[in-house]
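Two complexes come next, and they have one chain in common, chain A, joined by chain B in the first and chain C in the second.
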Partner chain A sequence: MTASEIWNIVMMQGFAGLSLFSVLLLMGLGLAIIFGQMGVINMAHGEFMTIGAYTIFLASTLTETYAPGLMPYYFLIAIGIAFVLAFAVGWMAEWALIRHLYRRPLDTLLATWGLSLGMQQIFRSTFGAKEVSPTLPEWLMGSWSPAEGLDIPINGLFVLALTVLVAGGVFVMLYRSRWGLRVRATVANRTMANAIGINTKKTDRMTFAIGCGIAGVAGAAFTTIGSTGPTSGSLYIVDAFLVVTFGGAASLFGTVASAFGIAQAQSITEFFLTGSMAKVITLLAIITILMIRPQGLFALKVRR
Partner chain B sequence: MTKLRHWLGTSDIAGIVILALVILVVMPLTADIFRLNLIGKYLTYAFVAVGLVMLWGYGGILSLGQGVFFGLGGYCMAMFLKLEASDPESTKIQSTPGIPDFMDWNQITQLPLWWEPFRHLPFAIFALLFVPTLLAFIVGFAMFKRRVGGVYFAIITQAVALVLTVLIIGQQGYTGGVNGMTDLKTMLGWDVRTDSAKYILYYANAILLFGAIFLCRWIQKSKLGTLLLAMRDKEDRVRFSGYDVANFKVFVFCLAAMLCGIGGAMFALQVGFMSPSFVGIVPSIEMVIFAAVGGRNSLVGAVYGTLLVNFGKTYFSESFPQLWLFLMAALFIGVVMAFPNGFAGLFEDFVKPWLLGKREKKPETPAVPPVAPVTMQDDDVSKTVTTRTVDSGDAVSAPTTGRMGPATA
Partner chain C sequence: MSSKDDRKGLESLSRRQFNMGLAALPLIGMSGMSMANTQFPTAKVNTTKLAITDTEVTVGQLHSATGTMAISETGSIQAERLAIEQINAMGGVLGRQIKVIQEDGASDWPTFAEKSKKLLVNDRVAAVFGCWTSASRKAVLPIFEKENGMLYYPTFYEGLEQSKNVIYTGQEATQQIIYGLDWVQKEKNAKSFFLIGSDYIWPRTSNKIARKHIENFQKGKVVGEEYYPLGHTNFNSLINKIKVAKPDCVYAIVVGGSNVAFYKQMKAAGITADKQLLLTISVTEDELLGIGGENCNGFYACMKYFQSLDNANNKKFVEAFKAKYGAKEVIGDVTQAAYLGPWLWKATVEKAGSFDIDKVAAASPGIELKTAPEGYVKIHENHHLWSKARIGQIQSDGQFKLIAESPNLIEPNPFPKGYQ
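And now, the complex of A and B:
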């Protein structure tokens, strides 16, 4: 094997890790807001991602039937719609369910699990039990080969770019906007935030809905990688929670770092072992580290 | 009898006796052997539910990985039964006779060393009791000593469930993979698939279950039980009183795990197979709902809850498969929002006062659950700035301030 071949393998392996990193981070970002900032265990988070995925599927089918000429552009618009839809459902879920349960986190867990079951059945009744995949626009297919023997899939690049965009957006919103200031104030000290005139209830609802919207975007992005079924969301949920917990619940930077660490660890072990063993070893490592350092990698220093 | 009464209480005795009548007399008389075997299967889940009452209802610790312990117990038993079922005589068509069929399919030619002890029933029984307990001890000790609890504990237990499922499915040659261990036939030469064996196993299972209920009831009535309750409600106060809270949590987690292990073993015996579909996250959360529907504080209620949810599941998934998940969703949400203490709570609040009222004085009016009205009211009030400090999300404890709770006379 020549040096350039080894280099290519390292590059492609590195990109596989990056690709997994963007998937994990995209899953974790919405949850980092909902669970990390608000402390709400949203077991239906995966289903909000599925809402986004089905939105893309619906948009692709509609565009294909009624406006085939728009096929190259629909995807970007549909991602926006996915955000809006998931946002709206999240808003309603907060209003109907979550807001009654802020003081009972364990019960929130059960209630949102119920919500996820209901949503799964709605998906199944609407779209059927079979997995579906949207027709992707041409420009998302194929791969980019900057050098001989080096292939980097475009959909992976697209998800990576989207992840960077969403992560940047969340960062700006949380740390540079009035809303973010209100969210962080509410997280740090709810009573005090109330006292200085922040409407924490409104903030909560908005925060939850935005987290769900981001989940919708994540689901939309995942349609470029895999197909969507009614129960797809439940596959992601534990991974998403682990990413957020491992990074340190209230720290956005921690979420990014933990997604990166988990993804690299898993893709490197996957190179040497079978997929399932790689997963087992990665998960065990996370669990062990969490047992030693329960607050996660980057804990926010708050007086409790 | 008086002593029994002392630590059980009259209504407890009545509840357990009625449950015993239902399980030991009514069910076997009315159901045919197929249905009875099905009920026996449900009753193995009841071990998990009873364990959850202790862990979650009494200890306030929610584990979403009880399926792990159920599965470990089940697999320990299944390994013993599988080895007995794969003697060289009945597996002579395999390329390596004398090892379980799934090993042969996966090109394993020798029984792995850690399978060897499972040739002996005493070891299998020892393992099914102590493997789950040991795992619970390790997880519990590591987490509770660091004062990790609540949602983080739930997430970690969930991750453990995921790890075990992936491990079992991935290591097909050693565990039977997705299909699990099937074709379990005899225990020490006794055919467990005959009707008479099914009757015996049903009763053995029921008696073990009552043993578990009595044990848990005894713990609840003891000082330990009181401490568990105190810990659930005000953990810090118990800690400041000089108790090491973590030890009690580890204990109750281990107890629940051991009960799950027994349930799993009885499951493997009665149903004749064990598979990873009882280990993962989904079954583990379903087991929580068994306890929640019956009443998270009531041992007897948890058994009824298990039976009810499972009957519902069997009936609906046969007749109206598309409705079942909606019903399950409604159960989860309803149990949390409307009646957090499950059927046992409804019984305590409505039926019992009515029953007692017939014989004694006027029943007390059942306390209105304060949660829903208060939060609704909160929302309206939150528009004015002055009340914000009170409504800050203190929804449940707000009424005690007497400022905006429902009119408490």
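And now, the complex of A and C:
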């Protein structure tokens, strides 16, 4: 191997880690809001991602049939629609199911798990049991090679950019907006927040729906790198919980740090060991750290 | 005996439409049946109290219609239904119409075991067409052996199994693997291989056979062997390892949702067919629906059947399948193998002159099917099928272009010597 080849591999491996980081963060963000801020264990998170994925599929099919000229652009619009759809379904799920269970966190686990099974079967009955493949715009496929032998995946770059955008948006929303203030007040002390006139019920519904909407965006983006089928969402759910729990449930910064840590650990061990061993080692490291720090990497300092 | 079966087999499809017309006339249908039944009285063809009357024989169908495996098993359910319908339109088996009891294994192995017990013990079915994953087959096998049932299993699988109570209508590992490896060695001059698989029994056993064949028989080199957990969605590190190892050929046995992620990310990383030779044994037309042909066109797969096979049997099969399930449906290797099950069972029962499991099991070796969409197949002593292996190249429309096929039928060898 020549020096330039080694340099290329180091670059591509570095990007592989960065790309995994953006995937983990994007799938974890929605959950971080719901689980971290509200304490609801949303097992249907993956299915809200699947809503996003099927939105892309529908949009691509419709665009191909009715407006083939718009193929290069539909993807960006469809991501927006994915957010709206997942947001709406999340809003309804909160109203119908979740709000009755706020005092019983373990029951939300069961209820949302049931919700996830039901949603999977709805996808199966609507779109068929087989996987589908949305036609993606040409500019999203293939690789960018700035040098000979160096290939940077364009879909990876796209997911990275989208993640930065969404994460930035969530930060601004949580720390610079009235809604964010209300959410943080509710998390810190629900009774007190209620007492000073914050409508915590409305805040909860909004928070849950926004979390679901972000899951929809993640699912839409992942059609560029993964599968679209009734159970595609369940491929991500374990990793999403891992990221949020490891980062410290109530801390958004923790989620970012944990996604980065897990991604780097996994992609580096994967390069030097086999895939299954890499997973074992990553999980062992996470478990060990969680045993020492059960609250996760970054915990919110609040008086309980 | 076999020549008589052939004649029936050949007649079968040409007479189908004629018989469909007949089925509309119940009187004629009835008289046809009663004639057959004086020839094959129930007391004689059914000595073990299976669910068989003078006019009807009950069989079971056991696949996952729900859960993660529904993605794969739906095609098999459809194909078996189609075959049974066609057989019924021809007048059934020994003059009896086939009635199907369908059970859902729900992608859960204990459920498969429970439902197979129900089919065999409560429903007393004469045969079961079912299972897909090796795990589900392993779960029901002891029950079929204890309760003496007959299972027609459609999936290509890892081998290392043989049972009186199972007919394996898909290929066992050596039939699929060795021809493909020899082809890339001879035609593409591949000497070094990178083996990739999802982490469970079928890819691991298959890669073990592949490695032995490459190292001991081809004198080639395995430059990497990697397994990733089922459902793994990020392959960038693996792709970089492939770039470092620079194999002549990537040999991929990735399944499920991982499959889609693997090929999409390969393409995004610039590994396309013009730069890299790739041979897979886990991508059929069904998988291509999810992956998208444009994400892996030019790569090769080794199977026994492709939907694009150009022969009269296959044309009729594809036409009938699309007429029943819609023009957008695709037919993969396993779907075709599932279609063979009911036909093989019918031929065997007619040869044995009985529905009794023991007699059907004993009569199975030597049963031929000339109407098979894949061409001609024959059941071996070991209850697997003699079949050809074929190389197809993935096209961007999600179909395969036939590139090569083995000149002769390949003998099934579930316990290959020198490969263990």
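Here is the rule we use: the second predicted complex is superposed on the first by the 304 of 304 C-alpha atoms of A that agree within 3 Å, B and C clash if a C-alpha of one lies under 4 Å from a C-alpha of the other, contacts with A are read in each partner's own complex, and residues count from 1 in each chain.
Heads up, the rule we're going with is that a contact is a pair of C-beta atoms (placed from the backbone, for glycine too) under 8 Å apart; a residue touches a chain by one contact, two chains touch by 3 or more.
Everything quoted here is computed from the prediction, not taken from an experiment.
Of the two partner chains, chain B is the only one that A:286 touches; chain C does not reach it.
By the touch criterion defined above, A:111 reaches chain B but does not reach chain C. By the touch criterion defined above, A:276 reaches both chain B and chain C. When both complexes are overlaid on chain A, the residue A:155 reaches chain C alone and has no touch with chain B.
Once the two complexes are laid over each other on the shared chain, residue contacts for A:228 go to chain C alone; chain B is not touched. After overlaying the two complexes on the shared chain, residue contacts for A:121 are found with chain B and with chain C alike. Residues common to the contacts of chain A with chain B and with chain C across the two structures: 121, 124, 234, 274-276, 279.
Chain A contributes residues 1, 9, 12-13, 15-16, 19-20, 23, 121, 124, 128-133, 135, 141-143, 145, 151, 153-156, 222, 224-232, 234-236, 266-268, 270-271, 274-276, 278-279 to its touches with chain C in the complex. Within the complex formed with chain A, the residues of chain C that make contact are 65-68, 70-71, 74-75, 199, 225-229, 231-234, 236-241, 243-244, 256-257, 259-261, 264-265, 267-270, 286-287, 289-292, 294-295.
Partner chain B is touched in their complex by these residues of chain A: 39, 41, 97, 99-111, 113-118, 120-121, 124-125, 190-191, 194-195, 197, 199-201, 234, 237-238, 241-242, 245, 274-277, 279-280, 283-284, 286-287, 290-292, 294.
Every residue of chain B that touches chain A in the complex is listed here, in rising order: 56, 62, 64, 139, 142-143, 146-148, 150-152, 154-156, 158-160, 162-163, 166-167, 169-171, 281-282, 285, 288-289, 292, 322, 325-326, 328-333, 335-337, 340, 371-372, 375, 378-379, 382, 385, 388-389, 391-397.
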